[in-house]
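Some structures are shown below for you to check.
Look for chain A in each of the two complexes below; its partner is chain B in the first and chain C in the second.
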Partner chain A sequence: MATLNLKQVEKTYAHGYKAIHGINLEIADGEFAVLVGPSGCGKSTLLRMIAGLETISTGDISIEDRVVNTIAPADRDIAMVFQNYALYPHMSNYANMAYGLKNRGYSKVEIDRRVREAGTILQLTELLDRKPRQLSGGQRQRVAMGRAIVREPKVFLFDEPLSNLDAKLRVDMRLEIKNLQQRLGTTSVYVTHDQVEAMTLADRLIVMNGGVAEQIGSPIDIYNAPATQFVAGFIGSPSMNFLSGRVSNDRSHVVLTDGTRLALDHNVAENRDVIVGIRPEHLSITTPTSSSIAAKVRITESLGAETLVYLTFGSKNEAITLRMQGTHKYAAGDELTLYSNPAQIHLFDQASGRRI
Partner chain B sequence: MKRVQFGHSPVPYLFVAPQIIIIAIFFLWPAAQAVHQSFLLEDAFGMSSQFVWFRNFNDVLSSPSWLKSAGFTVVFSSLVAVLSIAISLFLAVRADEVIRGAKVYKTLLMWGYAVAPPVAGLLGIMLFNPLMGDLYILFNKMGLDFNHIQNGNDATFVVVLIAVWKQVSVNFIFFLSGLQGIPKSVTEAATLDCKSAGRRFWTITFPLLAPTTFFLMVINLTYAFFETFGIIDVSTKGAPGGSTATLVYKVYVDGFLGADMGGSSAQSVLLMIMVSVLTVFQFRFIERKIHY
Partner chain C sequence: MYQSKWRSLTNHIILILGSLFMIMPVWIAFASSTHTREFLFQNGLQFMPGGHFFDNYGKILFDQSATKGRVTALQMLFNSMVLGLGFAIGKVIISMMAAYAIVYFRFRLAMPLFWVIFATLLLPLEVRIVPSYEVVAKLGLLNSYTGLILPLIASATGTFFFRQFYRSVPDELLEAARLDGAGPWRFFIDILVPLSVTMIAAIFIIMFVVGWNQYLWPLLMTTDDQLYTIVIGIKQVYNSLYEGGQIPQFPKAFALTIMASIPPVLVVVIFQRMFIRGLVETEK
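Coming up: the complex of A and B.
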C-alpha cells in the first residue's frame, strides 16, 4: 500500500537524447495508473526509472514519501512484469516465484505458503514444477505475475505485459489483471501502446507524447474532453475525424474548406482557424440541412454489431470515418449526408493543437 | 523427421569424396599404421621387425617416464582448461557490462581473437628468455629464483601460462556471445529480485552459461591435449627431463627423436583410446545435464 510521486522527472540518455521532459505525477494508494502513448514516446523509460533500471537525470521519484532516486532496484519494494516474461529459464516456475523471496531471507515455510497461494490465484498449481519453456505464452505471463505478487510489493510495474499474447488471450488476461489488482489493492503503473487496454484498465490515464504527459485524467474525462488534438486522435477507436475550418463572423458556425457550415455552441473568437474534431460514433446520417456534411463513400467494413464507413469529403478529399450500429451496406461512390450534434464537436487551435 | 532422398545418383558421393580421401590419407591410414606398428618390435637399425603382441603396451604402461608424462598431462590439461575458462569468463563478464549495446567495443575486443593465437607462443618465449625476457628478469628481481630451464615446476608454469594466454581469447569470444545471448530483461528481473551482484551471477548468469562452459571444457581439454604441441616444442621441448612433455609430445620425442617406433605407436594408440573415451563421456554428460 503506497503512494507514488514523480516530481519534475527528466531523463537524458548517455548520448544526449532527452527521452522524458519533466513529468509530474501523483499516484494515489491503490490506484491503477496507465501510461499510454505511441511507440517511442518514453513510457518504458519512465517506468524503468521508477523501477530503478534507469537513472533519474533530474527530479525526484518517491514511493510512500521516501525518495528512491539512489536506492537499489531490489530495495525499492516494487515488482515488475516484463513484456517478454523475463522468467529464469533454468529454474522451475516455483523457483522463479520463490527466487526474490529467498534472496530476501524469507523462511522456507513462508515462501512455500506465498508461492502456493499465488499459484492458486493464477491457476498455476499443476504447473509449478515445470520449467517456463514447457508453458504457453499466457501461462508464462501468469508465472511472471506470480513472481510479482508473492513479493507483496508496494507498487506493481507492468511494461506491455500482454503485447506478446494473441488477441483473445489478451482480453482474458486484461480482465484477470484488473481483477487481481482490485483484489490486492496494490498501487500499479501499467505501460501500453494499446488505447483499448489503457481505457479498460485505468483508474487514471496518462497520455504521453514525445516525452511529455499530454493529459492526465480518468479515461472517460479524457475521452469526453481531450486536451490536445494528439490526445483526441490517440484515445478512441476508430480515431477522431479532423477537418480544418474557420469560425464564422457571427461565431455561430465553423466553415469547412469547401464552404460547408457546421453549427457550433462553443465560446470561440470569430475568424479563428481551427481543427474540427468529431468522433466516428458521433456522426449520423440525415437529410441535407444547413449544418450537414456531404461525403462520398470509399469503403464499408461490416463488423456485425457495427459498421464502419470510410468516406471522403470536399475538394481536398479529407477523410471521414462514420461508425454506425448494426449492419449497413453502401457502395463506393454513394453520397451520404452526415450530421453531428454541436455539443459533440471538439475544436482545436490550428497552430498549437490545444483544445478550445 | 523428413529425409531428403537422393535416389542412387553417384553425385553426392562425388561431393564428399575429397573429404573422405583427405581423412583416409591423413587420418585412417596413419592410424592403421600406428596400430600395426604398436604390435611390432624393430631392431636398432630398423632393418627387421618382429610381432610381439602387447609387449610394447606393457612396456609403455610400466615405464616411469610415460607415467610421469601422463601425470603431467592431467595436471597441465586441468590447469589450462580451468584457468583459461575462469580468466576468460571473468574478462567476458566485465566486458559485457561495458559493451551492452555498444558495437564498437565488441569489434575491438574481437581483434584479440585474430591476433593472439599465432603470436602468443612466440611472445611467451621472448618473455621468458633468460637473457632479455621481461618476465624472467622481473621474477628473478623479485627474488623468486625463477629458472624454467632447470626447475620442472617453473617450466610447467611457463607452458601453462603460454597455453592459457593463447586460449583465453578464444574462450572470451564464446563467453561474450553467451552473455549477450541472455535476454536483457532476465538480467533486469534478477536485479529486482536480488540485490547482491555476486549472488545474481552464481544463481542466474552462470547457470545460463552452463552450455557454453561445458562446450568450452571439451574444446579446452582437447586443446591442452593436442594443440599445445607447438607451444611446448617452441618453448621447453619437454625439458627439464621430460617434466613438461605431454603424452602427445612424448609420442613425438620417442618416435621421431628416439626412433622407438613400436613404443611410440603403442603410446599413440593408447592416446586414441583415451580421447575416444573422453569424447564419448563428455558428450553423454552434456546431453544429459545441460538442458533447460
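Coming up: the complex of A and C.
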C-alpha cells in the first residue's frame, strides 16, 4: 500500500523528441488510476517511467515518499502486467510466478505459500504445473497477474493488459481486475487506449494527449465536464458531436454555420467563436422549434437495445451522431429535427479547444 | 488418378536412384573393408561383404601395429571426439556470449564490432592459418588439445545466428525479468539459454561435424601420433600402406573411413530429434 507521486515529470529522448511534457500526479493509497489516450500520447512511456524501464529526464517520481528516479525496477517495490503477458515460455506457471520471489531470496516455503494463495485467488490452482503455452489468453493474463500479486508490491502497473484478449473475455477480465484490486487494496496504475475500460475501472482518470495530461479527475466528472475538446471527443462512445458556431449578441444562444440557433444557459462572451459539443445520447428527436437542429439521415446502425443514427447537417455537411434507446428505422435522406437540453451543451473555445 | 500414379512412380524412381547414388560409395567402402587385403588387391572393389569384418575392425581399433604403428583407431576416435566436442561446445558458448553482449548491452562501437566479427566470416581458416600457427607455437600449445581447439572456437557464424535469434526474443521478457530482480547474468542463464535450446542444438550439430572433419589445422598442429584425429589417421594409413613394398592395406583404410563417418552421423541423428522437438515446442 502506498501513495505514488509524480512531480513535473518529463521525458525527452536522446534524439530530442519530447514524449512527456511535465506531468504532475498524486495517486492516493489504494487508488486505481487509469492513464488513457490515443496511441503515441505517452501513456505507456509514463507507465514505464514509473516502473523504471525508461529513465526520467526531469522531475521526480516517488513511491510512498521515497524518490525512486534512479532506483532499479526490481527495487521499486512495484509489479507490472504486460500486454503480451511476457511469461517465460519455458517455465511452468508456478515457476513463472515464483521466479521473482526466488531471485529475491525468499524461502521455498514462503514462495510456495504465496504462489498457492495467488493461484487460489485467480483460480489457477489446477494450471500451476502447466506451461504458459498450454493456457488460453485469459488464463495467461491471470498467470501474469499472479506473478504480480505474489510479490505483494506497493504499486501494480498494468500496461494494456486486456488488449490481446477477445471482446467477451475482455469484459470478464475487466471485472476480475477491478475485483482483485478492490480486494487487495493495492495502489494501481493502468494504461489503456480503450475508453470503456478506462471509465469502468478508474477511481481516477488521467486523459493524456501528446505527452500532456489533458484532464485528471473521476470518470464521471470528466464525462460531465470535459476540460478540452480533445477529452470531450475521446471519452464517451460514440464520440461527442462537434459543431462550429458563434455566440449571439445577447448571449442567449449560439448560431451554427447554417444559421440554426441553439439556446444556451452558459455564461459566455458575445460574438465569440465556439465549438458546440453535444453527446449523441443527449440529443433527442423533437418537432421543429426555435432551438432545434434539422439534419439528414445518412446511415442507421441498430444494436438492439439502442440505435445509432448518423446524420449530416448544414451546408458544410457537418456530421452528427444520434443515440436512441430501442429500435428505430430511418431511411437515408430522412429529415430529423434534433434537440438538446441547454444544460447538456458543452462549449469549447474555437482556438484553444478549452472548455468555456 | 492415372496421371498422378505415374507421377508418383517417376518421383519415387528418381528419389530411389538418387539415394542409391549417394549410398553406393559408402556401401562399397564398407563391403570392401570386410575382405582380406590380398583378395581386394586381386579382385578390386567389392559389392558383397566378405568374412573379415571382426578381423579388420578389431585390428585397426585395438592393435597399434595395424595403423602406422604407434596409435590405435580407438585413440584417434577419442582425439576426434575431443576436437569435435570442444570445437562445437566452445563455439556455442563463445558465440552465445558474444551475441548476448552485442544485442543486450549498449556499449560504444557495438555495431562496428559486430560488423568486424561478421567480416571475419569472409576469412576462412586457411587465410589466417600461418599467423594462427605462429601464435599457438609461441604459446607452447603445439601437440595439445588446447592448441587444437582454442584457436578455432571464435565463430562469426554462430554469433550471427544467435544475434538474430536474440533479436527475435520479445523485449517484454527482458523487462519482466528486470522487474523480477534478475540481473544480466541471471537473465542469460535462466531465460535466454533455455529459450535458445533449439538454436544451440542446430549450431552444435553443424559445428560438431565441421570440427570432426577438420583436416588442415590438426595436421599442422600435431606431430605426435597420439594426438592424430581419425581424419588425419586415414591419410596416414594410406601413406604407410605403400611403405616397405607390402600389399596396400585397403580394407583397413576403408574400415577407418567407415568408423570416421559414424560419430557425425550419430550426432546428427540424435540432435536432429532434439532440434525438431525444440522447433515444435518452443514458443516465444
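Throughout what follows, the second predicted complex is superposed on the first by the 356 of 356 C-alpha atoms of A that agree within 3 Å, B and C clash if a C-alpha of one lies under 4 Å from a C-alpha of the other, contacts with A are read in each partner's own complex, and residues count from 1 in each chain.
Note that contacts are C-beta pairs under 8 Å (C-beta built on N, C-alpha and C of every residue); 3 or more make two chains touch, one makes a residue touch a chain.
Quick caveat: nothing in here was measured; it's all calculated off a predicted structure.
Q: Aligned on chain A, chain B and chain C: do they clash or fit?
A: Aligned on chain A, chain C clashes with chain B.
Q: Looking at the overlay, what does A:His90 touch: chain B (first), chain C (second), both, or neither?
A: In the superposition, A:His90 touches chain B and chain C alike.
Q: Between chain B (first) and chain C (second), which, if any, makes contact with A:Pro288: first, second, both or neither?
A: neither
Q: Classify the contacts of A:Leu53 with the two partner chains as first (chain B alone), second (chain C alone), both, or neither.
A: both
Q: State whether A:Phe82 touches chain B only (first), chain C only (second), both chains, or neither.
A: A:Phe82: touches chain B and chain C.
Q: Pick one for A:Gly100: touches chain B only (first), chain C only (second), both, or neither.
A: Both chain B and chain C are touched by A:Gly100.
Q: Just to be sure I follow: which residues of chain A are touched by chain B in one complex and then by chain C in the other one?
A: Looking at chain A, the two contact sets intersect at 51-53, 72-75, 78-80, 82-84, 86-90, 99-100, 103, 133, 147.
Q: Name, in rising order, each residue of chain C that touches chain A in their complex.
A: 170, 172-173, 175-182, 186, 190-191, 194-195, 282-284
Q: Tell me, which parts of chain A touch chain C in their complex?
A: Those in contact with chain C are residues 51-53, 72-75, 78-80, 82-84, 86-91, 99-100, 103-104, 133, 147.
Q: Hey, which residues of chain A end up touching chain B in the complex?
A: Interface residues on the chain A side: 51-53, 72-75, 78-80, 82-84, 86-90, 99-100, 103, 131, 133, 147.
Q: Spell out the residues on chain B that touch chain A in their complex, using ranges where they run on.
A: 183, 185-186, 188-196, 199, 203-204, 207-208, 210, 292
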